[in-house]
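In what comes next, subunit A is part of two complexes: it sits with subunit B in the first one and with subunit C in the second one.
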Partner chain A sequence: MTAPVPPSDGADLLDRQTAAGSLHAAGQWALIWHKFRRHKVAYASLILVGLIYLVALFAEALAPSDPGKFDPRYTFAPPQAISLFAPDGAGGTRFVPHVTGFDITLDQQSFRRVFVPDPDQIIPIGLFVRGDPYRMWGLFDTDLHLIGPLDPGQPMFLLGADRLGRDLLSRIIHGTRVSMSIGLVGVGLSLFIGMVLGGVSGYYGGLTDRAIQRVIEFIRSIPTIPLWLGLAAAMPKEWPPLQVYFAILVILSLVGWTEIARVVRGRFLSLRTEDFVIAARLDGVSEYRLIMTHMMPSLYSHIIAAITLAIPNMILAETALSFLGLGLQPPIVSWGVLLQDTQNLRAITQAPWLFAPGVVVVVAVLALNFLGDGLRDAADPYEK
Partner chain B sequence: MTDILLKVRHVSVDFPLQKDIVHAVRDVSFDLRRGETLCVVGESGSGKSVTARAVMQLVAEPGRIVAGQVHLAGPDGDTDIVALGNRGAAIRAIRGRRIAMIFQEPMTSLSPVHTIGQQIIEMIRLHEKIDKADARRRAAQLLDRVRIPDPEAALDRYAFEFSGGMRQRAMIAMALSCNPEILIADEPTTALDVTTQAEILALIRGLQQERGMAVLFITHDMGVVAQIADRVLVMYQGRMIEEAGVFDLFAKPREAYTRALLGSVLKLESPGPRPVRPQTEQAVMAISDLCLHFPLGQRARAGGSVKAVDGVSLTINTGETVGIVGESGSGKTTLGRTLLRIYPPTSGQVTYTRDDGSKVDIATLSKTQMKALYGEVRMVFQDPHASLNPRMTIARIIAEPLRINTALSDREIRDRVGQLLERVGMPTDIGDRYPHAFSGGQRQRIAIARAIALRPRLIVADEPTSALDVSLRHQVLDLMRDLQTDYGLSYLFISHDIAVVRYFCDRVAVMKNGRIVEIGDVAQICEHPGHPYTKALIGAVPRPDPTLRPDVQIRVQA
Partner chain C sequence: MLRYIVQRLLGMIPAMFAISLLTFVIIQLPPGDFASTYAAQLAETGVTVDDAAMQALRDRYGLGDGLMVQYAKWVGGILRGDFGISFEWNQPVNQLIWQRMGMTALISVMTLLVMWIISLPIGIYSAVFKYSVTDYIASVLGFLGMATPNFLVAIVLLYISSMWFGVSVGGLLSPDYVKAPLSWGKLVDFLSHAWIPVFVLGTSGTAALIRVMRANLLDELHKPYVETARAKGLSETRLILRYPVRVAINPFISTVGWVLPALISGELIVSTVLNLPTAGPLLLQALKSQDMYLAGALILLSGGLVLIGTLVSDVLLALSDPRIRLS
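Up next is the complex of A and B:
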């Protein structure tokens, strides 16, 4: 049932609409935003996704240390908690943000380092401290970090350390950049292929449509993991990491475009017979203009939703490939590369914090999915 | 036990939206007596359907009944339906068993994955403890009662195997399955053709008299009201305007709104003022033996096809309005679209005489040659919600044909759009708004402004008034006639509504199964139809005059 609308057709209706304000002159984006805002989970996810991309953008400054910096003394060091107050030696407390250092002993039987937090070793930490030098966005050199120990020589492992004593938090933050950008750029590439082929398929129909659809079905029928494995194995070993990164991107998008092509084709098929498209054709509009100015605006919102839902697939695919050791290779840091460390039993028994990148993957994928869902619901503001 | 079955007292229904509350029904009270038909009539948005749904506690989310009582008389006193809430055993025992409902769309109100029999049997067994075989026998009897041929076999068929009228009969059979005391019919004939509508109305009337049911009949069509009502409740913007016996209401309506509503209906009952036809006619478009066959999927190779337009010949003269009437599926819309080459014709000629006297055959023109004609032959669509691009502002929509086909500057286009809006009776400062800001009638005016932007010579109008409320129809028609006088336009006017055609057209062609069965002067066809199909079509139109009602003892015919 539709919501009741005032039936009058006169000036009073127009007056009321003018009084009701902006919504009646609002374009589709304003309407979509209006509807999206009411979807609480999606709205929260939008903020979360925004934060994740901000982390990716400012990875170097946010990470407490360089992701490659290792210290054999702190192999598998457990996470440290931040405390704000420390005893001042005179029986009282004083305000010192700090982490506690470790008392390291070597277990003679297993030759394992045993870390015991030592409350006497206070490692003061602070915001905007000097630490490992880096080159921000390849533009200027600095050594400013958002958070870190005041003395760069002292250990601070908020999420623990890995088997080489590298700070896991810093590595996750740097991995965010690689993993999230693979999602975004990969989808961008898929989008281009998908829009062109899906659009052609849906607009012209007939034989073209059938041919493209069979190709899509064929690609989708190939089990993805063996396909990636094959393509990844075909990459020469001597390629530099950056080239591997782009090769992986291309591989993922060559498979990923099919979903977007189907969405675009479906929308084109249904739009093609809409009265307003026929009306535009009867206005004498050229085919190019018909597609670009009359049909495309109805598609943007759906495409954005499709993209948002495709990004998590890309992220998961990259993670899976890298986890298997066939995707990105160290020294590039991605969430999948980090998860390679969890392939053995020792990680589970001795250093469960190594699963933290997995948690981050789950959070990012869920947030993107909720966001995509919300966008899809809001995509057509004229649907009830 | 009193005669009054249902007492509705001061019922109000609100729909809270984001910022404000829509009062869909405000303080409505009425009685429904045993064996009587109460028609609730009003335009779209008047709250008539919501009122009916409130009686069954079926108001859609987020609507809520905020005040009032609905007393249903029973052997042990009254039950207040509002107090029962909208879920729970108590209300379910009333729904279907004591009050049944039939809906507007018979296609969507029957399940497509269950047979008709399964649906009726489930309904019976929900309310009565009888075994399956007995329930099946009952169901077959019910189908027989609503005149579905071969009821035993029909039980095992699916809704999509039935025509619209048959589906609505099955829906009525289901509603009757538990001998309800009250039947609520929410626009049960609006989606049907006039001939089918007449059958369904006769069926409801007959069943009601046989069983002494009370019927609450929701409709927007004053013709239907005149045919079926005992009493009438007129609603406007959620309020009751007037309640009266049907003869009183049509003879001497008390309220101004009722008078206006009846006035706009009656205005369409007689031919509108038409300019006199000149002595010598000049054809603007001559259609001869036009065919359009759609090949049928698998059987296409064997020559199987649907003959949507099957040998139509018709001439439209300059300044003339030619109506095409027919039921759904008669090919009238397809004919209109073929004339603009939206569908390429299979065979035949469409000879169009251009302004300079040269003749072209639209049926064989190439795409580029056809483009030159798009400015002269235009189209107005049925649904103004679908024909205006929701992503474009009004100014861009109207400017589009000007931008493509003329060399006007942006400033000139803006001025021209303003003039066009003024011409169709809209304020000129609404150009930056989107179609969703306007009501159906306003949108149709905007669509007409787009159609006349290029000063066309012929407009194919495909049911331009059927999506509009009755009070707006003659306004749009009058506007179209004024434009005709100003610009010397010709119209091909496609409609299923005889009243509108009689009001607006000079000549009319009656279509059936892709063919024209009769063509002639509009007065002659409407008063003295020659073809039996035309007779049936015109005879089935419900006239808005209760005194013309056929004998109350209508025989229910198959």
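Up next is the complex of A and C:
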């Protein structure tokens, strides 16, 4: 079971023993890391989740164009593939990274635009090109994009366009920021409530514990979607987007804290009777110090695992709410908002690439679940 | 046993009270009282309401009174079977909800049964043949099922059926059968529609249940009593089904407590996508137009449905495990 991990003041003793060769010791975090590394899927997921958060961080620069830029000429334009070589007109080929332009005709019967790739229209693309201007992190203005057409006026839809001719890839990249941050910030809020109530519940036990447990049981027994919808529907329609965003966060956290509280309570209950905690208590350590320096260090890893497993639930919840039209609203772009477009059966039969945000949701949620599983298994490195 | 059931029934009262309070809060959240919303709506369509009728409405729901009185009048009405009026439909709420709640309950219970029937054998198989190909496939499908929002599964199914088969799969009955009396034909037609929502709703839950059953059984399989039975020469099938499965099935039954709320939540979204005549689309519409008495009734009843489901699962659990009903 969990061995006492010496807090900071004991660390130098440990170092001296290690240096003297009398004790072979690796810190708790090193052990957790070793154990985690052995879980290959979880390790790969960690890298993937890291990449997804990088995309969220640098969304403006990574997106080829502005997520709101629309062009009715390109309604439901299909995805274009990147090719690296083009004929040079003299029978040979030359190196020109490009996408192929379209011939657009209007089908007179269905009034749909029909896009036929035209290999003669070469739209050269490049890395670090000038495109739509944006303000990076609200700090400085620039118009540099990682990838894009050399001539900003020409179309490049790597994942196709939506019903207003907006670039789906750019919208997904911007949606990543909103959806992934909802997960992270929402879990932060849940963590705060969950730690306080779960900690109180597990540390003091008795009547307080029972009362808090009843509340948790009750919240978990309510069907969440009707509850969330009821709360979300009560939001005044004229609220600005940012306020809606935070309101949704609070609504999701109202349920999200219960799982974290459960984990924290369970750990507190089992830690309370550990020898090192009893020893510290008998030594007359103050309650605050007992919790903060003696119990907390063996809790962190479990909490990190619990929050990693809570993030995907938050993301799925936000996606469902926004999909139903009661969560985030355009012009905010989140994965759920993007998936609203798939409600129209005619649109998806014409433009199946509208499912792309759904694929992204599944990948992100899977990666977070695997990562959380791996962390949970590694959380207690002393356990065989 | 009867004592246990009565005890559990009494235990439901505070939970129901808590749900009703929560629902009442949700009803009260939108700005303005509903009578003025109602009047505004009628005025938009050109109908003027006379003050006397308005006043009667306010009195009936205690709109002028304090919150406690309003709550008491609302709950009192519900106890007499009066859920208030829906403004959007201009009908008493209880004329609108029962058939749809019934459909929701039917679909949810059907899904629950299908989930159990599928996940139990697969879970047992996955545990007994741990790390076999089937176990891996079940795990991969399980993780995928848990990570995919079920409305997405519904839409993909709609897309596939309209692209490849050229038919739409929405609804629960073909138009010819909607008004027809009960018959075998109607039942067959219902089942040919109902498997789609059941499939869509069941995917994520089945995935989770397989993992629960697998983990439960894995905990039991290496206990000494299993070894003893094996040493005595019991056939492997008989041994596993007779002893460890019986122990492992208890936590499995108690999963109803969290599967049912998830099912009812999921049903709401899926039936909106598939356009089913269940409570889901009605609730969504009611919430969007702030038709709060209708929305409140549906939220309250879905909470009640979960309580009843949990009660049934507790009774089943007590039947299968004597320790519970005796303690």
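Quick note on the criterion: the second predicted complex is superposed on the first by the 361 of 384 C-alpha atoms of A that agree within 3 Å, B and C clash if a C-alpha of one lies under 4 Å from a C-alpha of the other, contacts with A are read in each partner's own complex, and residues count from 1 in each chain.
FYI, a contact is a pair of C-beta atoms (placed from the backbone, for glycine too) under 8 Å apart; a residue touches a chain by one contact, two chains touch by 3 or more.
Computed from a prediction, not measured in an experiment: that's the story for all the values here.
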Inquiry  = Taking the superposition on A as described, I'd like to know which of subunit B and subunit C A:Asp151 touches: first, second, both or neither.
reply    = neither
- Query: Given the touch rule stated above, what does A:Leu231 touch, subunit B (first), subunit C (second), both, or neither?
  - Reply: second
Looking at A:Asp103, would you say it contacts subunit B, subunit C, both, or neither? Reply first, second, both or neither. neither
### Query
Between subunit B (first) and subunit C (second), which, if any, makes contact with A:Asp88: first, second, both or neither?
neither
First (subunit B), second (subunit C), both or neither touched by A:Asp118: neither
Residue overlap on subunit A between the subunit B interface and the subunit C interface none
Counting only contacts in the complex, subunit B reaches subunit A at residues 15, 17-18, 22, 24, 43-47, 49-50, 53, 60, 236-238, 340, 342, 371, 374-375, 378-379, 381-383, 386-392, 400-401, 404-405, 427, 430, 432-434, 436-437, 439, 441-442, 447, 450, 469, 471-472, 475
Subunit C contacts subunit A in the complex at 15, 18-19, 22-23, 26, 29-31, 143-144, 146-149, 151-152, 155-156, 158-159, 162-163, 168, 257-258, 261-262, 264-266, 268-269, 272-273, 283-284, 287-288, 290, 295, 298-299, 302-303, 306-307, 310
Counting only contacts in the complex, subunit A reaches subunit C at residues 218, 220-227, 229-234, 236, 312, 316, 319-320, 323-326, 339, 342-343, 345, 348-349, 352, 355, 358, 361-362, 365-366, 369-370
Per the touch rule above, subunit A residues touching subunit B in the complex are 1, 3-9, 11, 13-14, 17, 24-28, 38, 274-276, 278-286, 289, 294, 297-298, 382
